[in-house]
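You will see two complexes here that share subunit A, one where it goes with subunit B and one where it goes with subunit C.
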Partner chain A sequence: MYAIFKREFLQYFRSPVGYVAIAIFSFLAGFIFYSQYASGAVSISSEVISLRSFFVVIVPIITMASFAEDKKRGTDVLYYTTPVDLFSVVAGKFLAALALFGIMFINVFAQMIVTVANGGIVDVGAWGSVIVFFFMAAMFISVGLMASALNDSQIVSAIVTFVIILIFQILSTISDYAKTAANAVLFSITQNNDLSVSTGEKIAGLINWFDPFARTADFRSGVFSVSALIFCLSVAIVFLYVTYRILEKKRWSQG
Partner chain B sequence: MIEINNLVKHYGDKRALKGISFTVNDDEVLGFLGPNGAGKTTTMNIITGFLSSTSGTVKVNGHDILEEPELAKKDIGYLPEQPPLYLDMTVKEYLSFICDLKGLKKEDRKAQLDAIISMVKIGDVTDRLIGNLSKGYKQRVGIAQALVGDPSILILDEPTVGLDPNQVMEIRKLIKTLSKTHSIIISSHILSEIQAIADRVVIINNGKVAAVDTITDLSKRLSGSSRLLLSFQGPLKDVSASIRSIPGVANVVTRNSSDKLHEVEIVISNTSADIRASIFFVMAKGGWPIFEFRSLDPTLEEVFLSITSGK
Partner chain C sequence: MNSNNQKKNNIKTPAVNKRNTASVKTDSRAKSLKIYSVGSVAILVAIVVLLNILISGLLGDALTFDFSANSQNTITKETREYIDSLPESTRIRIVGLLERPEDLQNTPYEYIVPLLDDYVAKSGGRITVEYKDPELYPSIISELDPDNVYSLEEGCYAIQYNGQIQVIDPMDCFTFDEDYFYFYNAYMPISNNVEYMFTNSIARLISGFSKKAYIITGLQEEYSNSITSILNALGCDVETITVSDSFDIPDDCDLLLLNGPDMDITEKVMLEIEDYLANGGKFICAVNFTDSNSSENYDNLNAVLNTMNINIDPYVIQENDARYMLDDSGYSSLTEVNESFIEQSSVFDYFYQFKESYIRPVRILVDSSTEYLTIAVSGTSENAVCIKVAESGVNQYGDAGRYYTGVYSTITGPGNYAQVIAFGSNDFMSDEYISTYGMNDYNVQFFKACCRFLLGNESNVVVNVQTRGISDYQLDGEKVTTTTSTAVLAVFMVTIPLIFLIASAVVYERRKNL
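Coming up: the complex of A and B.
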């Protein structure tokens, strides 16, 4: 696994990918921090939370090549014909992408130092937001790896990753629409206001169950909920396992 | 030693392999011959564990590739038709990644890499990006990759495809050197290449083994070439007629004809008699200068025909 991790991590810096991702992140983090700084009220937690909206751009850039490029260049042969096992390939690529996020985050840590040095505070909510950021990054990276394993085109895998992350990010909007729609449709059929409202609530609740942003909303105020982290971790593991199965299946493919 | 037993592979409705069985002995070079699409690459992919067969078994030095994949894969070095190279790594970085992947111990690594690098002669390019190397060098790096971990068996899928004649000669020489210490399976659709390198040949066609033969037996079977090529100056009709009158000649077919030079193919009915001398004297007597005169190499199709019809 270490072999794969090392290669994949260094690969980000052999190609423009690592630099582009770091540049985008640094720009965004710097921009948000500076506008806070200029207004005189710095909040690291709200900066980190704003940065989460850019997963949809940064994660596809990082993960799109990981398996798609291997398949295109025929280097995936190495994973199947050397004694390395496929799950450690998946894990190595996953950790490499996560480590790249670690590098990007040096920005935020530097900003924390600047904040403290200027008499600001980095409270427990800020650290909570950082923890949530990495758990969500883990989750979305595993989504990206799965998309990359599905096909051998980087563009297609980037688009698939983009769409899945986008859906996660707008889940609360989707659930609002679903609630209103269910409510209206049921009311027109049954004319029963209580039933239609409660069904709408249930559907919205079901959709919100999948919303990592709603689940982790309390972290910024310093309320650490383990179940939310376990949720992110579980989603990550499920997607990594699916990725592993996709790679494994290739060997058995009949078509 | 590799034992391959009754491999079958289906791709959807298509049956790519229909029951392939053969054995590769220790320290032998086995040529794997067949037209494109015969199932060479599929078979090799199954032997190396890249694909799984629908049914049948592959045993590498006694280890089943599916049941004990790690032990089996340790003994195999594989060079696929498209070498698995990372173009944006240097040769040195790439080979040390392969060492990591194959789990080589740190202390063995340097000695082994040095030996491999000098054997495949890539010492002068180790610090260059693989993407900037010529195709011949890329192929060498591919072979170096297969040699890492000191496997006893090498599987090379069309290692000379797309190389220029010089590079082809060099790769063949390299394979010859390697054959002293390794069992090698080498696939090709070029008959002469296999003849130059291999001890034994497995010919497959349409997903089945058409023949397993040693090179000497195969060449014996093909030695009486049944066609000669002759190019000359002179009246085409007269020459054809004179050659046809030589006993043993079945037919004379015009291949190419221009004002200056004619090229004909002479089909011989009785392959045991050598009629080349007679042809020479006929031409000399008529005062028709010969520009080229050689036996035509049997094509792969002819080998198949001769092998399948001989049984």
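Coming up: the complex of A and C.
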């Protein structure tokens, strides 16, 4: 697995992908940091929380080529012919993408130093936000890998990843709409306001249960919820396993 | 020919069958692998969902750690012990009159929403928190406050218990830097009283009203619905006493109010109030100057106030300083709070100016009395005059100078702690004023502060929860200059991204032909 990790990680720097991703991330982080710095108050946790909004752009760039490119070139046959476990291939690519996020984050660590040097604070909420950032990055990278394994087009992979991450990001809005819609429909049928409101709330609660952004919101305030991290990690495991099954399918599929 | 064909067919048939048999075997294997693949994914998803439900449901609290500054998002031992002491059947409903805020940063809700979540998590089902935006749920206001006495506004929290409610405005949960407000006209919170406010409001609701206020009626006075809800919110039950021959101030009266009467009090009432004050009573009265009471001198009321070194004069104040005038006539003006009065209690810390109209001057009878501590609450500019409206219609003008619009007085001797605040206008207590300007108006807030001051609400707190500091993300003002800001912009927003973009271009150029 280490060999795959090493190869994939270095691959990001043998092509423009890694550099472009870091450049975009650095610009966005720099923009947020500068805005705060110029106003005289810097909250690193706020910056990192804001950076989570850009997963929808960064993750597809990083993961779109992971499997799709190999499939397109036909080099994916090596997964099946070399004595390497398929799950090691998936895990190696996953860790390489996560490591790239680590490299990107050096920029934010430098900003933390500048903040402290200028009399600001890097409180526990900032570290909480960083931890959440990496757990959510892991989750969305696994989504990107699955999308990349589904087909041999990088563009399609990127679009699929973009859409899935976007859905995660707007879950709270979706839940609001669902609540309002359920409320209106039920009220028109039953004319019972309490029933329609409570059902709407339950539907919203059910949708919100899947919202990683809401689950991890308290980290920024310094409240660390292990269950929220377990949620991100377990979702990542599910998507990695699905990716593994998609690759494994080629061994026995006739289609 | 036929026999030849038959022979060929006979020869081929076994081979076709063999291939079909192999194909059937492969299909069956592929099918079972497909079932295994889909099944294993489904099982994993089910395990993950169950695991997360179990962990967040059973171990959610145990696996949540508050490392925030001063544990801002965790209720303290005092609150927890208080909640634990309540019967398990207790049901307290906290309703936030807004959509649950998602982006909490730099809003008062940053310190309220997570803390309320902790109340719920640690209350063992006794406390629930919900968010209902009145725009989406218009019925929520009438559901919580059927008689519309609390002026529930969007953004507030209502705590409901056994049909009673307490209302908390998020802005009341913080102490603000006065100087910052003075210089920048913006609020800078310096301490967090969220838990203090919520826990004590819950305690007041559960233990019931611990104080009692009486409002004198029957003197063509102002309606007092608003001040009733204010006093209720301060944990004070309110009743009225109507002026009659059998007028009597009950022994349990902690605060007596006279709200804008158009008629003077009767002698019976005068004697009763004097007796009440002689026994250490607390009294707030407000009398303004209107067409309907302009000829009223309030001799009996003044007789009572004179026992506390105060007199309300039968004039109306006219402000002549343009900086203080709110209309051309000068009868509506800004009045300044007296600094000596602010020093009486921290509850007055935020006040420096009021808007008042048609004010009667309130006079201190003896300036340097050793028997009384009498302090002006607020006053006009140095250029105001007071006018006596004569029956003949010719106005008589007094001297120009500073006139007091409110006076506080207490007796300094031992054994009697009577306290009186007399206002020369109704712009602190009247329903008309409060309904026009709302509960958050400065004058109304000041009236609340006066009630808290006289009722001694601070000593009445059931749960002693400390206020907390607030995280300060401010940078050192001397280090953040235009030069350093530009340097930050140049390094983090331009140079670093540019280096990586150039690197990507170089790599692309080198590898494009590979």
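The criterion applied here is as follows: the second predicted complex is superposed on the first by the 255 of 255 C-alpha atoms of A that agree within 3 Å, B and C clash if a C-alpha of one lies under 4 Å from a C-alpha of the other, contacts with A are read in each partner's own complex, and residues count from 1 in each chain.
The working rule: a contact is a pair of C-beta atoms (placed from the backbone, for glycine too) under 8 Å apart; a residue touches a chain by one contact, two chains touch by 3 or more.
This one's a predicted model, so the numbers in the text were calculated from it and none came from an experiment.
In the superposition on chain A, A:Val223 contacts subunit C only, with no contact to subunit B.
Using the contact criterion defined above for the overlaid structures, shared-chain residue A:Arg73 touches subunit B, although it does not reach subunit C.
In the overlay built on the shared chain, the residue A:Ile203 is in contact with neither subunit B nor subunit C.
Once the two complexes are laid over each other on the shared chain, residue contacts for A:Ala99 go to neither subunit B nor subunit C. A simple residue count on subunit A separates subunit B from subunit C, and the partner touching more is C. When the two structures are aligned on the shared chain, A:Ser15 is found in touch with subunit B and with subunit C.
Of the two partner chains, subunit C is the only one that A:Ile49 touches; subunit B does not reach it. Looking at the shared chain after the overlay, A:Phe31 reaches subunit C, while subunit B stays out of its contact range.
Residues 14-15, 252-254 of subunit A are contacted both by subunit B in one complex and by subunit C in the other. By the touch rule above, subunit B contacts subunit A in their complex via residues 10-12, 48-52, 54, 69-70, 73-74, 76, 78, 80, 82-89, 97-98, 100-103, 149. Contact residues on subunit A toward subunit B in their complex (touch as defined above): 2-4, 6-7, 11, 14-15, 73-78, 80-85, 251-255.
Subunit A meets subunit C in the complex at residues 13-16, 18-20, 22-24, 26-27, 29-31, 33-34, 37-38, 40-43, 46, 49, 107, 110-111, 114-115, 117-121, 123-125, 128, 172, 176, 180, 193, 197, 214, 217-218, 220-227, 230-231, 234-235, 237-238, 241-242, 245, 248-249, 252-254. Note for the complex: subunit C touches subunit A at residues 26-27, 29-30, 33-34, 37, 40-41, 44-45, 48, 51-52, 55-56, 59-60, 63-69, 72-74, 99, 102, 104-105, 110, 114, 117, 136-137, 139, 471-477, 479-480, 484-485, 488-489, 491-494, 496-498, 500-501, 503-505, 507-508, 511.
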